[in-house]
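Before I ask anything, here is the structure I am working with.
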Amino acid sequence: MTVSSPRRVLSGTGAILMAPVALVARLLDPPLSALQRVGGTNGMAAFFLLPNMAVFGIFVLLPLVINIIYSMTGGTALFLADRTFVGAAQYQRLFDCRSYVDPKSCTEDLFWTAVWNTAGFVVVQVVFMVVVALVTALVLNRDLRARSFWRAVFFFPVLLSPVVVGLIWRWILQRQGLLNFGLYELGLTPVNWLVERNWAFAAAVGVSIWAHVGFYALILLAGLQAIPKDLYEAAEMDGTRPARVFWRITLPLLAPNLLVVLVLVLIRAVQIFDEVYVLTGGGPGTATLYLTQYIYEVGFASFLRNPGLASAASILMGAVLIVLTLFQLGIARRNEMRGKR
Amino acid sequence: MKTKTLLVALAVGLMSSTAAIAGDVRVMWYSDGVEGEVIKDLLDRFMKENPGINVILDDVGYKVVQEQLPVELEAGRGPDIARVTNLKTLADHWLDLTPHIADPAYWQANFGDQFDWMRPDGSKIIPGFMTQLTLTGGFANKTLFEQAGVEIPGADATWDEWVEAAGKVQESQQLNAAIAVDRSGHRISAPIVSYGGNYIGPDRMPAPIDEGVKTFARKLVEWTETGRMNKETWVSAAGTTYRAGIDDFINAQVAYYYSGSWQTAALSGKIGGAFDWVATGSPCGTEACSGLPGGAALVGIKYTQNPEEVGKVMDYLAREDVVREFTERTLFLPAHKGVAAGALDFKTDDTNVKGALDVFVKATGQVHPNANALPAWKWATPIYGVLVTRISQVMAGELSIDDAFARIDEDIKAQVEAAK
Amino acid sequence: MSRITLTDVSRAYGQVKVLHDINLDIQDGELIVFVGPSGCGKSTLLRLIAGLDRPTGGTITINGQDVTRVAAADRGLAMVFQSYALYPHMSVRQNLAFGLENARMPKPEIEQRIAEAARMLEIEPYLDRRPGQLSGGQRQRVAIGRAIVRNPTAFLLDEPLSNLDAELRISTRAELAALHERLSATMIYVTHDQIEAMTLADRIVVLRAGRIEQVGTPLDLYNKPANLFVAGFIGAPRMNFLPVAVFPGGRGATIGIRPQHLRRATDGEPTLKAKVTLIEQLGSETVVHGDADGHRLLAVLPGQQGLKTGEEVALAYGQENLHVFDENGLRTD
């Protein structure tokens, strides 16, 4: 790798600003050239990939392996060295149930409560998120006035920190929050939104959709805009009703994007934590207790902490996510192959 | 932006590690009321008297001390001094101050009664001192009672009588609920003891829950069902998450609030002149009218790099005049025997406060031995967590009360197993 | 019956007028070609007729019925798009059937129409393939097929040959002409290529900057162009234009003569003298670029002439082949 000749960038203010960069480049040239002579171009590739691989290895792979080891230990000590090896005991404990469908019949009833809660949440949220994102994208695709403004408005919540999102909606939905205040002023009976089981669930779903739908709508919007306009004109000439245009033309051509969005939402939904934890804390009771919160509480927040059990639960959750990710990779590859044809 | 976060993380990481620089003493502190300002003031004066020692005060949220400090301690890191409530459970991490303080006998005389709360069973170390003694107890909204024409129950009124009286106020004044209780196993342990409950088995291990626990748990559930107690505080979170009912009391939404003496300063500050309020001690059960003592302590951390400096800071803060000033300004109950025996001039214009603190001091004489044993018992905190998790599930309608009782016993057993 | 009449049709986008007062009468069964340079408004005009766009002024009638406000689907027209606009996720058969299914036609009839169109356009082997699996020419035939199955009042074709390579273009051109014969349907054809216009059209409409310059049969336009623009647009290589003051009173005029109408002069004929600047040998003919008194001149001479650059050449012409245009560019005879 040789550095481009500094002569090319020398002109006016550009030269002054680029001078230190050019100097550094010139200084780096000899050692890097020497390295290339030794390692060849493949060697250079490895040299530049090494830092990132190291970071990935240390901060992703290593903790993953350590986590698996943790899941096979017991005790309350935090350090691996102080823990006792118990084999699959933690997993046995998690799976110790008379009936998997009834959390109350399980030893770790909170784990299974969290599992079924998360399953219910995932199903509902995925359906609604995809539908809302699709509708939003369809609306944003039209020739509205101030279209860019509306797109920014829908995307804005995506930029917010999840804690902020949870807090805002808690202030709106709590017993003495904005919504009840509005209802009271209108003469309607206020509802304790975050304390009624079903409303709390709806709030969890609704808030997380509000916070992220802009992102998925944007993906679908890009897909919609990739559909050639003359297809719609041809359909118009063909006398096609709007509903049929949507079902027979828009939707099939949007299918690859929809699939991507579906899998992304799915993977995200399984890991739901931040907004819900701030919004309801897992309540009322354990109505909105989801897997990630369970793992956090067992591993860190309760007395006494049980890192082994938490690790086991997180490994199980990770297994589900790996399956979903492989599914997503498969789809991505299929889209790629389709594109090449 | 990413670099910025990295740098911040790095800075936080460095901050939370033990100060390796000689002469630096890092104090992790939390505040219920005004203690943060008071301690900062006192430490500033200490640094003037001792120019070689730099004391850095980190005033963090209570949650940080509850949840993050234990993790740091496990990792062998942490501050040099910390203000902690989980004294017994984390006792292995406290520094023995004996070689570093000027006069261990002084410490023993004034703080010795509570040392067992802060050190492992059988140990003789001096880990630190209690910054305040706390006692659980109730607060009543005098103005609301007067407006409703209901007499405030006397010192030997039972829980049922209190709820009935507060209920009358609730109906008359159209309140949201009659009483509020913090979502905390620690808080309800006092009434449990008053109903004859005892967690500690003959072998100092947790015993299966007894009638005392069941009676009061049933009452709590009944009060939420009949609308006397606001469901929200207990039901709006899951697991062991702490939720305080103080906002309802401050906003005059309930007539009676069962919490503890450490809330006095906060109540004074936040209520101001909005209404008159009194402390009422703890309502009676069948066996006693007991509160649960406790408190926060300032302890030295075993992993400090500057134990000598830590000793100097602790000596200063444990001085009688300093403790007196701290107590008078923070409106806490002092743990220092000498200070408690003398006259205290609490720095407040709020007449409610003076009366409240007097009531609490008197109520310390009502503490039942079962309650007194709890702060020194290492299984107390885990049991608090279990109680809160399961009872709130019953209130939310997820478990039947009997299932909850079975679960509580199982959970406690699991905790004991896991700690082996 | 399919007569389409445009009366004072105009289209403006805000302040910008793209079509000005178009008046046109399209006869039943004719193949009429809209031709003109880019941006002249020919595609816009086609879309107005199709109903994909609404005129800002004027009326459009089909067989006497005013369709200016009628939706595109209800005008009974079929359009072949420049990019074919085939539904990429459907097979050819489904593409052809789509419009008919919208009309709730019974299945057997749909099948029959598809079979007929497929036979006509020789796309039977591809009926179950997707458009992505077809070549450009095959796709174009499918696009035409989609229009045919609708039995429309008129066909609208928007630059259908522009995406094909040169050789395919010529063969497809012939096929389109044959198709027009066979179907005897009205076809409105838009192109920028004057050769396509000349070869296919019954009548040509020359458009420039949103106005009709001339309407007429191809030979009409070739022999009697109404103005300088049409004269220069029709015919390749372009007509030679030479400024000459011929009118009494000295008003300016332009004389036009086509390169093909110039020949090597024999003695005694009126001639144009030019200096040869470039010679293009095509074998069957020679294109000679010359300079006559500072004016560029092209001559297409038969065979191989043996001329050299720099040579002086005398070119003769017949009077009947001169076109005279006044100072406004309009024809004067």
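The chains carry the letters A, B and C, assigned in the order they are written, with residues numbered from 1 in each.
One rule holds for everything that comes next: a contact is a pair of C-beta atoms (placed from the backbone, for glycine too) under 8 Å apart; a residue touches a chain by one contact, two chains touch by 3 or more.
Note that the coordinates shown come from a computational prediction; the quantities given were computed from them, not determined experimentally.
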item: Partner chains that subunit B and subunit C have in common; value: A
item: Chain occupying the middle, per Cα centroid; value: A
item: Centroid-based (C-alpha) most distant chain relative to subunit A; value: C
item: Busiest interface, counted in C-beta pairs; value: A-B
item: Interchain centroid distance [CA atoms averaged], subunit B/subunit C, Å; value: 92
item: Distance from the mean Cα position of subunit B to that of subunit A, given in whole angstrom; value: 38
item: Distance between the centres, which are taken as Cα means, of subunit C and subunit A, whole angstrom; value: 56
item: Subunit B residues counted as touching two or more neighbouring chains; value: none
item: For subunit A, residues that touch 2 or more chains besides their own; value: none
item: Subunit C, residues touching no fewer than two other chains; value: none
item: Interface residues, subunit A side, partner subunit C - complex; value: 228, 230-231, 233-241, 244, 248-249, 252-253, 341
item: Residue ranges of subunit B in contact with subunit A within the complex; value: 67, 70-71, 74-75, 86, 89, 176, 231-232, 235-241, 243, 251, 381-382, 384-385, 389, 392-393, 395-399, 403, 407, 410, 414-415, 418-420
item: Residue ranges of subunit A touching subunit B (in the complex, touch as defined); value: 74-79, 104, 107, 109-110, 113, 175-176, 192, 194-195, 197, 280-289, 293, 297, 300-306, 308-309
item: Complex interface listing, subunit C residues touching subunit A; value: 50-52, 71-74, 77-79, 81-83, 85-89, 98-99, 102-103, 132, 146, 150
